[in-house]
């Protein structure tokens, strides 16, 4: 065999050796332990520290809030869902920043958006909140209760006593018409109006958020259940033609 | 919904309809368009050199060594777009040490490595007589380079050269399946994926291989004509006509198989065909037009050239023009497949429009630079190892 | 040009024995050099192998967690999802996913059928309208573009990696940087991934993305670092509506088994043969 062929074969043999050697040298130590992968990477992945905390881990730092929260309907909403929205990857352990603007926060879940199941309580933010912070009426950790602890009734025709409402409505007929169809051009119809809106409106007159000398007095004379009932009654009436 | 979103440091593609959020940044860009293009040139140039070395078709003798050098030059540059694209190029050799054989990509390291060694040996054998002569004549660093290349043997006796010829025959024969593997696997990479409708096809490896040969032969024609013009040497018209025949026949089969793919796609019209129509009428309209037009026109011209046995300057002129157009057509085909496939959303409900960046590693400028550099490298190789004349035994090499 | 006798021959060395001798010498030298370079003796190799066996027992490499005793699976109840996207944000914080609308481990899609139309309008967090509604890349929101539209039907569908039984992403990885664990989770080794993005192409569900921070492929891991500690994935914890369910198929009392038993669940793109392990309730044929 000519010399150059021998030398060529030797080079090829060295290349083969280098390949085998490289395979042995550069294959990571834990490769092949469980399969075609680096077994050590499983531990690397699993050893990362969880950051999304179990709400119970905050019970020591915020015992009263935790007690309220865990006993109420919002216990399905974990602390970080509200307190870290937008998320802050650098939040210190144990600290839960106070959300600033509940009007930007609560609608994330509760704004009426097409696609949300009807079982989810949803509102039209502008007309429901009317510029007020959600937390002015709702305790965020027990939202069916006001911040002072009193329950908030959930408006809905199902809970309204329309017969009682009809009795009450006698005092409305003077301005708003006998069947909720107004006789005076500047006074609105109430027939077939949304009950939730009527509740919101009367509540607003009660608190002074909407101000009107006549309606203010009328609304303040009503109890919470009266508001519900009369709203339910008008909502059930047929619309004006 | 077509507002362009600019999120530094990468650009998201605008889309119509619905695409998965993770699809808005295309994973594979122009680098993955240029990579199969360069390996395609390797396959094509190698086929031509094999026609001479393996199949002993004498008319391709004038370009056989040039074809070999071209294939080698392009192969050296083939990994560069991939290395530029990898998130961790320093880990690239993992595909050799722990190759995962179910992946077509793993095949790349081995096939390319094997093919590189094979092609290096073939180039060495084809030029060994010249290397020996140059080693004895050249001074300085270059002379030392040649002397190393001789592997210490200056034996150019008939016996030694007979060994060389035998090795060349074996290597050239082995090289054909290797070249088929080197480029066929790229087609398999795309064709085997069930996630992308535009890629998933049994015909993909065949289409890639055929269009690769087309582009390689066309590139070789351009290289041969340009180098002859620069060196002011005569162009062997028998050789050029032979290349025309090879180009014509591979172009015909390529167009038939590619056409078959489209015909069957539209005949079946399975779910998602609406988005495919939108893709064709939208983002890849220009690319498909170039691919079709720059294949059909040269095919028609080549048919005339061959039927009327055109010779002389007309042959050279028309052949070169056809080859340039064909090279553009195959590049367009790579774009239409790689980019077009990603523009058709996996949701079958949307189409994206990709505009490549100009600068940066994923930019058009870098891809074109790598492509141009492979030609520069080829030029350097032709200066180091002039392929122009077959070195006879003991004959000096004219530089 | 005169013909020159170019044959300058070297003194003849080669007869076969001589050749074999020089071969043997080269091999021996290479082996010695190599052994010295690698710095390992036979006993050291044996010790390393024993240590590897100890560190990687059949019950898995995580101390206190036997991965042969679990078969994880995920459920999605699209009838409950309210599209609040707490899950998407929680996941990004938990797993250090880059905060932009183009890289997600989990996301939510909205399907809206308008009156008189057969095909739904679909949008997700990459939609420019929703990006605008979010305001900053740290937030994810759905806008209210359908507020005044005549909507026939609409629902939200959370999406994430399906951790398939026959993952095509694992099949195409050229180096072995992604794999399926015996407890059914498909993971990515970001210290081994070369970033070729073949797996990103191969996933039919768009669950994978190229992480621009680590320059590797990335995807949902079902919060493997949490579930191996007995916790739920972050998205399951964050969901206030109960739309995400996680559990152990091998545990009869697990929520996932209850979910699968009590709902007509289906998987996405079953025709791919991937065998996904995320079970959906409440989606229609337009969801894939």
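The first chain written gets the first letter, and so on, giving A, B and C; residue counts start at 1 in each chain.
Simple rule for what comes next: a residue touches a chain if its C-beta (ideal position, glycine included) is under 8 Å from a C-beta of that chain, and two chains touch if they have at least 3 such contacts.
In this text the structure is predicted, and so the values were computed from the model without any measurement.
Student: Of the chains shown, whose Cα centre falls closest to the middle of all protein Cα atoms?
Tutor: Nearest to the common C-alpha centre lies chain C.
Student: Counting C-beta pairs in contact, which comes out ahead: A-B or A-C?
Tutor: Looking at contacts between chains, A-C has the larger number.
Student: With chain centres taken as the means of their Cα atoms, state the distance from chain B to chain C in Å.
Tutor: Taking the mean C-alpha position of each chain, the two centres sit 33 Å apart.
Student: Can you give the whole-Å distance between the Cα centres of chain A and chain C?
Tutor: 30
Student: Could you work out how far the Cα centre of chain A sits from that of chain B, in whole Å?
Tutor: 57
Student: Quick check on chain C: which residues sit in contact with 2+ other chains?
Tutor: Those would be 10, 176-177, 192.
Student: Two-or-more-chain contact residues of chain B, please, as numbers and ranges.
Tutor: Residues 94, 98, 100, 152-153, 155 of chain B each touch two or more of the other chains.
Student: By residue number and range, which residues of chain A touch two or more other chains?
Tutor: Within chain A, residues 1, 3, 28, 31, 36 contact more than one other chain.
Student: Per the contact definition, I'd like the list of chain C residues that touch chain B in the complex.
Tutor: Going by the criterion above, the answer is residues 1, 3-10, 100-104, 107, 109, 121-129, 131, 137, 159, 168, 171-177, 192-198, 200-210, 212, 214-217, 272, 288.
Student: Contact residues on chain A for chain B in the complex?
Tutor: 1-5, 7-8, 11-12, 15, 19, 22-23, 26-28, 31, 36
Student: In their complex, what parts of chain B are in touch with chain C?
Tutor: Where chain B meets chain C, its residues are 1, 3, 5, 7, 9-10, 12, 15, 17-25, 27-28, 82, 85-89, 91-92, 94-95, 98-100, 102-106, 108-109, 132-133, 136, 152-157, 189, 193-196, 342, 346-349, 394-396, 398.
Student: Hey, which residues of chain C end up touching chain A in the complex?
Tutor: Result: residues 10, 13-14, 19, 22-23, 26-27, 30, 34, 38, 48, 52, 55-56, 60-62, 65, 79-80, 82-86, 89-90, 92-94, 96, 110-112, 136, 138-139, 141-142, 144, 146-147, 149, 151, 154-156, 176-179, 181-182, 187, 189-192, 221, 223-226, 228-229, 231, 234, 237-238, 240-242 of chain C touch chain A.
Student: Where on chain A does chain C make contact in their complex?
Tutor: Touching chain C from chain A are residues 1, 3, 6, 10, 13-14, 17, 21, 24-25, 28-31, 33-52, 54, 76-78, 80-81, 84-89, 108-109, 111, 113-117, 120.
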